[in-house]
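The letters A, B, C and D name the chains in turn, as written, and every chain counts its residues from 1.
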């Protein structure tokens, strides 16, 4: 039976999706169409202005309410409660003044305003560095941030960063492991955005390194863990490319501190995610299918997490759908919390498989 | 905003899913969990009795309400309003007396009781022929059957048969084409059920013939078209195997009768499916992505249909998700209509892609 | 044991590969590196001039002899025995005078000079129509052309056209079927070339129509069948897109003429391809894996063919690797025959699978 | 031009392939059919005895010499020079006396006799432990073993173990890193053998953990590194499952010893693999496609290796085709060396892609 019935007393959030012709923007549209307390009142796209949702995102063309909605130029943005910025990284900074004028809240799904260290911004987000915002963006991870931000500008985490956060947070928050940590991340092809990728024949049947050092989600992950746990990490972060359209799985490696027992680790995960409906700890996985896997999360806003200890070796794994829990779903979860709605309103908890 | 809110006056349908450890049964569970007017009160499985939904269908293990529900032996079936029989073809006939005793209505998703011709049943369903039912099953296609069946026993169509029906019905109902018709069907791997398939490495990157002649969906298709249109077909039906998990696309070939114009064809499709929320005619497709395709239907209960005419050659295409519109979703749509609920209650209209 | 040992008396063919940075050009390089009687002396590319084979085609970067060879501008073409033109369709006509001056023979793998009817060229190859060649290209299918062409200019068949030819030729040559024929073709993503395709996430898990009417391989197929069999066809040709990198499977439908028996059909296929090492007729297929399939041909120069009759319905199927038998391998087979080498020299007969 | 021409003075090796109906056995057949100095004189299979190569391995059915060869019961094994044992792990020990009687040399491609520590054999290969061999098997990695074994019994390395060996050997042989090493391995579905896997629909689009701790290739890797470098490792080895049919990529993480410079690391790799035709070090990779990847090795006997250093973090990567360099190709390379043939005779160096 339906869980989320709009109560008369709940607000109706007026939403704009900015940069709505990419994969992330399309996913915000897909998920919001069934949201009982939100209404999409505006969709922007630049090259695709004037076209319909159904022509730009063929997989949305059978959606009764959204298929014929048209993308408009950003300049026509009306006053809205929430603007989801799904612009490609680097595009928001110049457009921020306009969004700041018309939107009560701006939720940014791109990388622009996540890093605080100016040198790191300069290195990883040069276009952002050229347009420093007058406003401060809060970095918000619903399950880990100590409070719901009260400011108008919110940045959501990067997809590989947030999967890694879910895997590592309990270990570092509980001071259970040495601060030298390795993350080996594997991501599907939508993680790279809709343009600029390789041809299908070159992705098909391949698996390859994306980056061994210097990925921009590494400083984000270190910054977020420092913020949420107080621990400064010595972090090695590698990213690899999978021949699947959706999904991220990260495998992290760390070393238990002396005296830490497996039961301490198990308790830390249970405690960290109790009451968090979208982070599911896999209990005592043994068989391959017991561990987090893409098939169990793709299409849903669920992050699956597991940890396995042998001697002092600690391996923690997390799996998410990069477009949902790693982007659009996460942002809607944030909107729900920012707007006083139920955290899970409108968000799918079940994968679509096989 | 949410479409389907359970009205106080609407009934709550008590449902059993019989044979719930296969792909079709899992899909009924996935779709019904959010249905506002139905409640699953019983799940049967034989080999998997005692196990949970989440362990048998890993992709359902994060569903809050269903993941820990256990499969029971069929003998424990309680009284229910509707039993969805998702048993493998050949298994229902022996078990029908039990279902008939405990379920007000039986919806059969397998092939057993679709064909009426005894010789055809003998050829294609020998196990069924050995257990002739004392009851008559109505063959029910929500969009094409002239009335909602009022009997207790209902058979849903086969996945490739129903995709072909959607493609061909307007042509034959309108007497627009010669009755010599070719159907070239392509289906994903879940169409073959959960057991007995080939290893993943042998499916990967392959495309192959499944059957050129003698597929059991051919007599079903001919029988259904005769029933719904009065036309007896000379039908060539071939099936091919795709390396995708879900989805069927059929391409059908026929010859326009003398004097039939393209506009007649176009009108026939528009008329046939007006007011049918789950069959969508693609208007005037030109570019490849305009035509029916798997990406636009997978995960949803939508059938996409298109027709293209050149000279007297008529090509009609349909695409469905074999597990939703070709099986579980179709059956829930039937349940909705049989039980006086809104036809689309609880059924997804949007694909999950890319 | 090795089959093809270069005899001292055999010639060494000096080869240029023109337009060598596309998939077809890369495949010519891959196959020719082990050819005992041919030597690649020149590789051209425009945007990639100056780069190495291994950087442009990463899958060739471990080939000892070719990986460090550089692409040069076409203007530097030296005198060669054979130039394989792998330029994209439309690019050769302007460059033909240069090739004609420097190459003893030009083998064209693109679509430019296949069609003879001026109207059809205008419709399907407008860029070609703007540069009519002063030279006549022979259209050459090694197994079907009655003689090896003695002219300098040879066009190889299109990939879907040639697969269809192998399927249909025995039926039409033997006058066994009515001349109304339907071809339903399915092709992998390399068939569309290296640029301009869709992103991997949009191909993944999809199956879709490419073109139902008006594909340019249709007039080519009709012309070739007329040339080789004398039969003028009423042809319906549709093309579909598979989510696999390589391979074409075509399913053709026709109606036996009155009095034609299955044994006549069987004999016609056996006779048509006796002594043709690269066209293999599958004998009496029953189970799915007995039929032509991509896994049995991908990586090889083999075309698999089968035919199945029921009543007067005749279904003929063929499968090829579009880059080998549909392009590069076919062209090398042609070169072998044109240059007096053994037909199969240097050509793989075994698929690379699973 | 052809590289490997059989010299009159070279021997002709008479070969048996035992357990030839699995993927590894099929791959030995595929590769040996073109080997100029080896002749397959016997193929065994148990359940498939009496069937042909082409019916059991459809992808080999167009191979002129091998397609009609029949599998025989092992009891009919004649005297041969080399028996490739491709039996599933656990099956060889009981059959070893027969092989020892009829084959001058036994090359074992399964896991049975790789480990020397009795406790580890007991834990990981219980069926092997129950049949201890009277003969000692040499563990042989062509590029790393100090000498070609002169005994009759040779074990080839496991596929994930050998990929990891190629990645790590130069670091440990040169004493460049601390002995705490992490290996994160990813493998395609043929790595699990032909039977017992999951259905294609459950592999499709998935990525998942196979094992985080306790994989049997871990003690093999530690033993081999100890044998080849003298270094005892503290090793964390995890394996993951890719939705591709072929290929392994391993990413290893270690920490440089104090004072070790990037140039030392670079030199160690260059030195370790100089003169090794099948291990290719990728020089100075920067862009994603510069690193080892499946597409560059699948179908070939090449192992690609790269290393990347940042601060004291050292990441080494290797990619192989698990069926070629990880199994059949490696074994043929071993046969060549054991029999005094050229190391690369009959072995492909070029991938088959895209």
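By definition in this document, a residue touches a chain if its C-beta (ideal position, glycine included) is under 8 Å from a C-beta of that chain, and two chains touch if they have at least 3 such contacts.
None of the values given here were measured: they were computed from a predicted structure.
Taking the mean Cα position of each chain as its centre, D sits at the greatest distance from chain B.
Counting C-beta pairs in contact, the pair that comes out ahead of the other among B-D and B-C is B-C. Rounded to whole angstrom, the centroid-to-centroid distance between chain C and chain D, based on C-alpha atoms, equals 35 Å. Chain B and chain D have Cα centroids lying 46 Å from one another. The distance from the centre of chain B to the centre of chain C, each centre being the mean of the chain's C-alpha atoms, comes to 39 Å. Residue positions of chain D touching 2 or more other chains, listed in rising order: 23, 190, 199, 201, 204-205, 243-246, 289, 293, 295, 353-354. Residues 23, 188-190, 194-195, 197-201, 203-205, 243-246 of chain C touch chain A in their complex. Considering their complex, residues 1-6, 23, 30, 33-39, 58-64, 190, 204-205, 245-246, 277, 280, 289, 293, 295-297, 299-300, 302, 304, 349-354 of chain A touch chain B. Across the complex, chain B meets chain C through its residues 180, 182, 184, 186, 199, 201-202, 204-214, 236, 238, 240-247, 249, 251, 253, 255, 285, 288-289, 291-295, 298, 306, 308, 310, 313, 315, 317, 353-354.
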